[in-house]
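The two complexes that follow have chain A in common; it is paired with chain B in the first and with chain C in the second.
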Partner chain A sequence: MSEQRSHVGSPVLRRDLFAKVTGSAKYTVDITPSGTLHAKVVRSSHAHARITRINREQALRTPGVVAVVIAEDLKDLFSRFGHIVPDHCILATGKVRYYGEPVALVVAETLFAAEDGAAAVEVEYEDLVALMNPAEALAQDAPLIHEEFYRAATDESFAAMAAAPTPEEEAGERDNVAHTVEIGWGDVDAAFADAHLVVEDGPVHYPMLYAYAMEPYNAVADFHDGQLSVVSTAQHPFMVRTDLARIFDLPLSRVRVEAPYLGGGYGSKSYTKVEPLAAVGSWATGRPVKLVLDVEEAIYTTRADSADVTVRSAFDADGTIIAREFDLVLDSGAYADNSPLVLAKAVNRCFGPYRVPNVRARGRSVYTNTSPASSYRGFGAPQGALAGELNLERAARELGLDSFEIRRRNLVRPGEEILPGKRGIDADLLADLEMLSDSLNSHASADSAIGIGFTASDAGAFPVSTAQVRLQVDGSVLVLSGSTEMGQGSESALAQIAAHELGVPLESVSIAQSDTIGPYERTTGASRTTTLAGLALQRACTDAKQKVAEMAAEVFGVPATDIESIEGGVRVGDKSPVGFGEVISRWFGAAAGEVTGVGLLRRDGVTKKMPPFWEVGVVGVDLAIDPDTGVIRVQQLATVADVGFAINPRAVEGQDLGAATQGLGGALFEELVYDGPQLTNPNIVEYRVPRMQDLPERIDTMIAARGDGVGPYGAKGAGEGTLNPIAAAVAGAVAKATGKWPTRVPLTPERVWRLMNDLPEDGD
Partner chain B sequence: MSEQELGRTVTTTVNGTEVSRYVLNRSTLAQFLRDDLGLTGTKLSCELQVCGVCSVLVDRSPVSACTYLAVDVDGRQVETVEGLAQGDSLHPLQQAFVEEFALQCGFCTSGFLMMSVALLRKNPDPSEEQIKEYLDGNICRCTGYAPIVEAVQLAASRMREEGNV
Partner chain C sequence: MLGSFTVSRPTELEDALRLIGEDSLAYWGGTELFLAMKMQLLVPDNLVDLKAIRQLSDVRRTDSELVIGAGVTHEQIAEDKTVRESAGLLSSVTARVGNSRVRAQGTIGGNLCFAEPRSDLATALLALDASVDFRSATGQRSLTIPEFMLGPYWTAREPEELLVAVRIPLPAPAGVYLKFQFTERPSVAVAAVESGADQPVRVAIGAVSEIPILVTADDWSGIDAAAIAAGIEPVPDLTGSVSYKRHLVEVLVNKAVAAVQAGVRDV
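Let's look at the complex of A and B:
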């Protein structure tokens, strides 16, 4: 292998980090075009109420205020958004559905003027019955949160992923269920009747979480001459573009959405958030409008679905799972957003990476008068895994097996299907289990309580990806990708792939990303970039090389069969190598021109079978619990990233430790708590995330690279899997240490202490 | 209110350069740096002094620029992330953060760097525990922190070797 060839599989320094350490890297929040107006949102102070009057006179008289936009101003637009169900009002229309919902947008010359103006907007409400949790929303006499049915977007891909409303849902009577998913196979009832052991758990509660991407949602929009340009903290600029085009009835080609570096994403910046607000502000004033949320507003914009999960599993005498039955209820908040898909994934992922011959799983995503829930790293998997893995632990105890052994007996083998008819598992979970076992057990101490968790996520989302590679006359390379750089390292990984494919130095490759005037990328989520954008990029490189070879044949007057593609260029017969740049220059007859290679990926060929790949989660923790205080100390954290091939091993380890740390946050500290109509802790003082002193004492982030993915060089996705089973592993370890079964996370010191002392887990 | 009641002119030194600007009384140091001076390397997040993202140094002490008023820097020295590198040459902490993959999205990084500068000035050879304690007020949501500890240790050892503290 030549030097260039080592660009993949080695821990090259990430190129974006240089700009980020000097402060020169530009994030959306750093971009303020000249003439920009600043916006502030007036938000609902009621959870569920009719809006009886909005008085904006005083606000409009505030010095510097240019406009106050309310729902009635939008009646000539399509004033809602939502990529699956377009139910989400840009500004509350007729009524508010949650505390914190945008009611008016004040646009002013300065941020201070906008804030002063927002404080002067008077809104009067007439309260409706607020439904603050799924039990209230599902009650017989519950009022409707959405009286209307909003016809689903027609994107087949959501139907393929079980997220689009079914014809029955469309035709049925209205209730507060946003979406229902049911899957199953085998004869569940017969299996339970024949079982040696049946173990039940639940409801097990997974909390409402806030991803806390540290750059809050913000966008700057410029609407003029029938064109809309938006710069935004969007993971999926192309998806946002679709929503914006529908709002203003514009062709997709007249809407541009750019996403510069994102200050964190973790799924929470998937799909449309504040872009429509900034856009209607600009539409109303004819000037660029910038809207930057604070953290409290961001929490009220998107959170993760909380879940109550009930599980029942049946076992043979030797510990073989013979059936599992799940019921999941997700609290999806006031608007559907991505919750139908989160639900579909939660249902697909709840029963784990095990051979389960008989399955029945039902999930409901329920509207409540709480902040809207949507994607968060892991995407339904952590919610189901907490109950499912805890249930497996309980079975292990009753069967006299240890945590590893019951999984050895049930984990699927490579190639076996988890979901019937879907791609078989592309990972060696048994080998991963032994890595995990060796790591944890070789460092266990007398007070160790070891908990482990396994998950498998049907990842990669829907495979639609494109890439362009532009070879320049000086031999440098410009790669265009629609994938967003949100910290995960795609900029660097894509450069590594391009350098490898073209055989050029890494330094000669530049990447331009996530701008809808560039090539299309469906999403940056579901851990898809390395695999799917990577495959599209490989194809673009192949296309570019082929075009150069054809040009070389013409330039040198030889048959195409005499041209050999080599690293960085071509060889003509047995003559000296000629670089890409020289071929291009000679073909155009000037030191000018370029060659564009195009790579397209769809649901075909290696990515025909869904999901494109499985992302497994293989984790273990070793906890020590203080019996007097209930404080948990994480003595060991061990993770296995079963990634097929690590394009950049250091970056993979970084993703895994980051994911595990976020998982530990949800397992130990993090929970949004509603008390009445509003959250008690919509801030980072009271919503506690992991800090440096919470670091586990020993960390072992292992990589299993067996070349079993469909992506470049056998790679498959990473970055989410390790979060998914962490809460389950922690809860399992707490069960071992205390002899009591937790029914919810986070396992705060008080909850653990209560568990140990046979008190209810919550004091209230 | 008169202009004088709403604000005043402050004179301060930012990364070694003296600047004089009229600022509103209600303006924060973060707004002054980002909006008035265009130094957008300092970021804002929690705006409650608990995330550390906006940490800058005023008279060599760390402050939260999200809540520190701009008028209060009058006559003081301000240091931000933009002042760390010397031309194209990165500060040892910046170099170490890149080498140890101590950042991913990078939004918290300016704050970590400025706090680490303050730490190493006070204590050129901090233990792992001292690093964790000093930086416990800075949140990183991407890395899981371990690489940041390693980066500070690496930079500290290089700076000691070079007598650069």
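Let's look at the complex of A and C:
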């Protein structure tokens, strides 16, 4: 293989850039097959209530309405979904568990008619006690949100981390805990007893967040002749396919899920969301059904788990961590969705990339009567890191060390394990720390308050990935990947890898993604695509080149050993190079045919040890606080992308700035707030996201490329790590500036003002 | 989604006045109207599109007043030379209203009639001692801002009345407009202005309570920020509690007064 890295390692423009900027890019909402009906969801107006009656007569008489689907219509289907715990009713069955839960689906000739029909559906409720937070849900006499026990589905990622429920658990007393995770090693109690210093924090609160993909959830489904075809805003079309196949008892081969460009995902579009609703609408009417949610409906579909985290750490006199103990409670809302896995990851990630000889961490994911929580960029890491890093900051203060020094003394070295038996850390965190320190300190001003944060995420998810490379007779290349382009730039990165491997011009490579009639990809999440889909693609390219070499041997009548693979084709002995297209054409004996290279990746070889890679978060901020108002001004943001190798450095920097900005949102502004059964701010006016003028005054997105990843050319994933420690860094800086310890984010102006003035956290 | 409705496009004011009523609403930029219609808070049968009525877009100055037609957009006010020369504070305020789409579409008349309690314009116009002119098919009248603004989303305008113009007495007082804004709309806004020796100083405090409040004094020493803050009844929301907003009022009044005394203008 050529060592020339002309196509990888250089900044390239995103392939989707012009189409997206000019508006020609196709999204799910642009796809409306002829004869499509439009659906509107009738949603619960109660947080927790028995449904006593649904009257759809009036709705069915509304002009244009074709069908009104309710739970009882689905009794011949498997009417729930959920890849870990199939607890999620497609339509509320018997009772509603949160305000906004789908109760009925009105399907009509036009959206107007569907809305009129939805307004005419009468639902009567009998209120149950609503449990609006984990404290209420965990109370002794709390009613059950889920009376039924759901046997866990077989999710490999989850199974690899958490034991399946025992028969006793299945038969045992129910409570509102959706899932519990406990990990630990060493002798924690002895370490605390011997400690020079014990520092305790918490509960520290991480807020409910909305990922705010600009494109709300939408899908169009077409069920006919025993086949289901769905176009949807899904990050993981293959996972959605599994849920849909189970609902209708169809073989996987008869369900097709496509995901065109996504208008942002950030984890919020992982796993099944609106697809079952559109699908049952089509199943009930025999026509394609389109369902498009508005922003408020999207907020009530998925949010991030909020968390209350308590942490206790023990230190030696020199600042060495000797033990850490964590307790995490996640508010996971009415349905489990991916929260059990978010919890497992939060527990794995809370103690940080430090050498901690004694660990005890327990987490509980708790059902409440709020909107269901699931994946969100960072995946449990930000929740734990806020408490954990703030706690480390407090220890530094008490030990007389600065923020950098306490971490120098505790960060793991390359190759060291932070989770026993798992892959050692594939990053040089100490070198990253010095980069961060140089950047921030060389631009600090008199009113600077610098806060830093470090995280390590067991990333990549379960390594199952496939790719196909189809070499065309004209020398062009078609790459098929099941991964989804959701704005992160995978289309460009995959093209770079294929062009590099095959030695062909970048322009001759086309990428087709995220369609279940193409090759399988388990998920597009956990920052895995460049690393895992990239490895599968490399293998597909190797396979294709080998097939071409074999064909060339046959065509030229020479032993295969005489064929040399070169850029864009082969060389036979010392003769002139022959391009792929010519070999294909001569083998088929016509200007026709193609060669397909297949690449398969499983939990084996370089990806045998879990996790496939670590995604570290290395960030720092420099804040100034207005003493009059508590307003925080971010003077500097510095990030280190420890990515091994940046296939497209421009994309890596963009991802890190995006992740950091999203993290600043949760640190400074964003929080979904429940007041009674409803959110007070289920809209993007009152749910305050970062704006252009909120961007830090100085931004330094650094890349550390040390070739230490398992992915192509030593690459590792990026795109989430930088978000994870941002809130912790901000809170640490606020602690420095004010001398007071925040116990929650976002650090809104009022919260900072209260902190500065020793006022109670909540007050009139 | 918007329901169904008709749109009339009169070119003469008299025709528009005959059309406007309970279910037939004046429409110009739609920045507030369409939101209310999408939320079904307003369900009009008809919209009277006023954009073809030329006189509603006029800005003119006489010796004693600046008259701004109800249909002049925020952006037009901000860029208007006459406004800048005669009431510079209003230029500055309108340049900072909402976002660029709102400034391009929204009008001074629509803003006032919608009576969003966090309106920048209402606060600034109260400080500038402005009045508003109404016409209807049967008559006309003029109200001061306090007479006009009755409560949140509530004005003295009758359904058949159209706000046609805003009058600002000249020479307009000069000063500053400071606001604390964390989300889409301000949480607290303070306009502090003076007209010259022997004239009372005026401080308008808006966005924080249900309607903007005016405090006057013989001179700046008569403005007690702490007392003003204590007397305000803030509406708490996600951007601030009652006590935080009172604190912000005190901070902003002090800053605004100090700025005016230091000679800062039109900020």
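Everything that follows uses one rule, which is that the second predicted complex is superposed on the first by the 747 of 764 C-alpha atoms of A that agree within 3 Å, B and C clash if a C-alpha of one lies under 4 Å from a C-alpha of the other, contacts with A are read in each partner's own complex, and residues count from 1 in each chain.
The rule is short, and it goes like this: a contact is a pair of C-beta atoms (placed from the backbone, for glycine too) under 8 Å apart; a residue touches a chain by one contact, two chains touch by 3 or more.
None of these values were measured; they are calculated from a predicted model.
Chemist: According to the stated criteria, A:Val685 is in contact with first (chain B), second (chain C), both, or neither; which is it?
Modeler: In the superposition, A:Val685 touches chain B and chain C alike.
Chemist: Examine A:Ser508 and indicate which partner it touches, taking first as chain B and second as chain C; both and neither are also allowed.
Modeler: neither
Chemist: Applying the touch criterion given at the start, work out whether A:Ser527 contacts chain B, chain C, both or neither, answering first, second, both or neither.
Modeler: In the superposition, A:Ser527 contacts neither chain B nor chain C.
Chemist: Looking at chain A, does chain B or chain C touch a larger number of its residues?
Modeler: Greater contact footprint in residues on chain A: B.
Chemist: Which of the two partners, first being chain B and second being chain C, lies in contact with A:Phe112: first, second, both, or neither?
Modeler: both
Chemist: In the superposed arrangement, which partner chain does A:Pro216 touch: chain B (first), chain C (second), both, or neither?
Modeler: In the superposed model, A:Pro216 contacts chain B only, not chain C.
Chemist: Would you check which partner chain A:Thr629 touches, where first means chain B only, second means chain C only, and both and neither mean what they say?
Modeler: Only chain C is touched by A:Thr629; chain B is not.
Chemist: Check whether A:Val673 is in contact with chain B, with chain C, with both or with neither, and answer first, second, both or neither.
Modeler: After superposition on chain A, A:Val673 lies in contact with chain C alone.
Chemist: Where does A:Asn338 make contact in the superposed view: on chain B (first), on chain C (second), on both, or on neither?
Modeler: A:Asn338 contacts neither chain B nor chain C.
Chemist: Considering only touches as defined above, state whether A:Thr639 meets chain B (first), chain C (second), both or neither.
Modeler: neither
Chemist: Check chain A for residues that touch chain B in one structure and chain C in the other, and list them.
Modeler: 112, 685
Chemist: Which residues of chain A touch chain B in their complex?
Modeler: Touching chain B from chain A are residues 11, 13-14, 16-18, 20-27, 29-30, 32, 112, 211-216, 261-266, 294-295, 486-489, 650-651, 653-655, 657-658, 660-662, 683-685, 689-693, 695, 699.
Chemist: Please name which positions on chain B make contact with chain A in the complex.
Modeler: Chain B reaches chain A through residues 24, 26, 34-35, 39-48, 50-51, 53, 80-82, 84-85, 90, 94, 97-99, 101, 103-110, 113, 131-133, 135-139, 141-149.
Chemist: Looking at the complex, which residues from chain C come into contact with chain A?
Modeler: 1, 180, 182-184, 236, 238-244, 247-248, 251, 255
Chemist: Residues of chain A touching chain C in their complex?
Modeler: For this pair, the touching residues of chain A are 111-112, 115, 628-629, 669, 673, 680-681, 685-686, 688, 748-750, 753-754, 759, 763-764.
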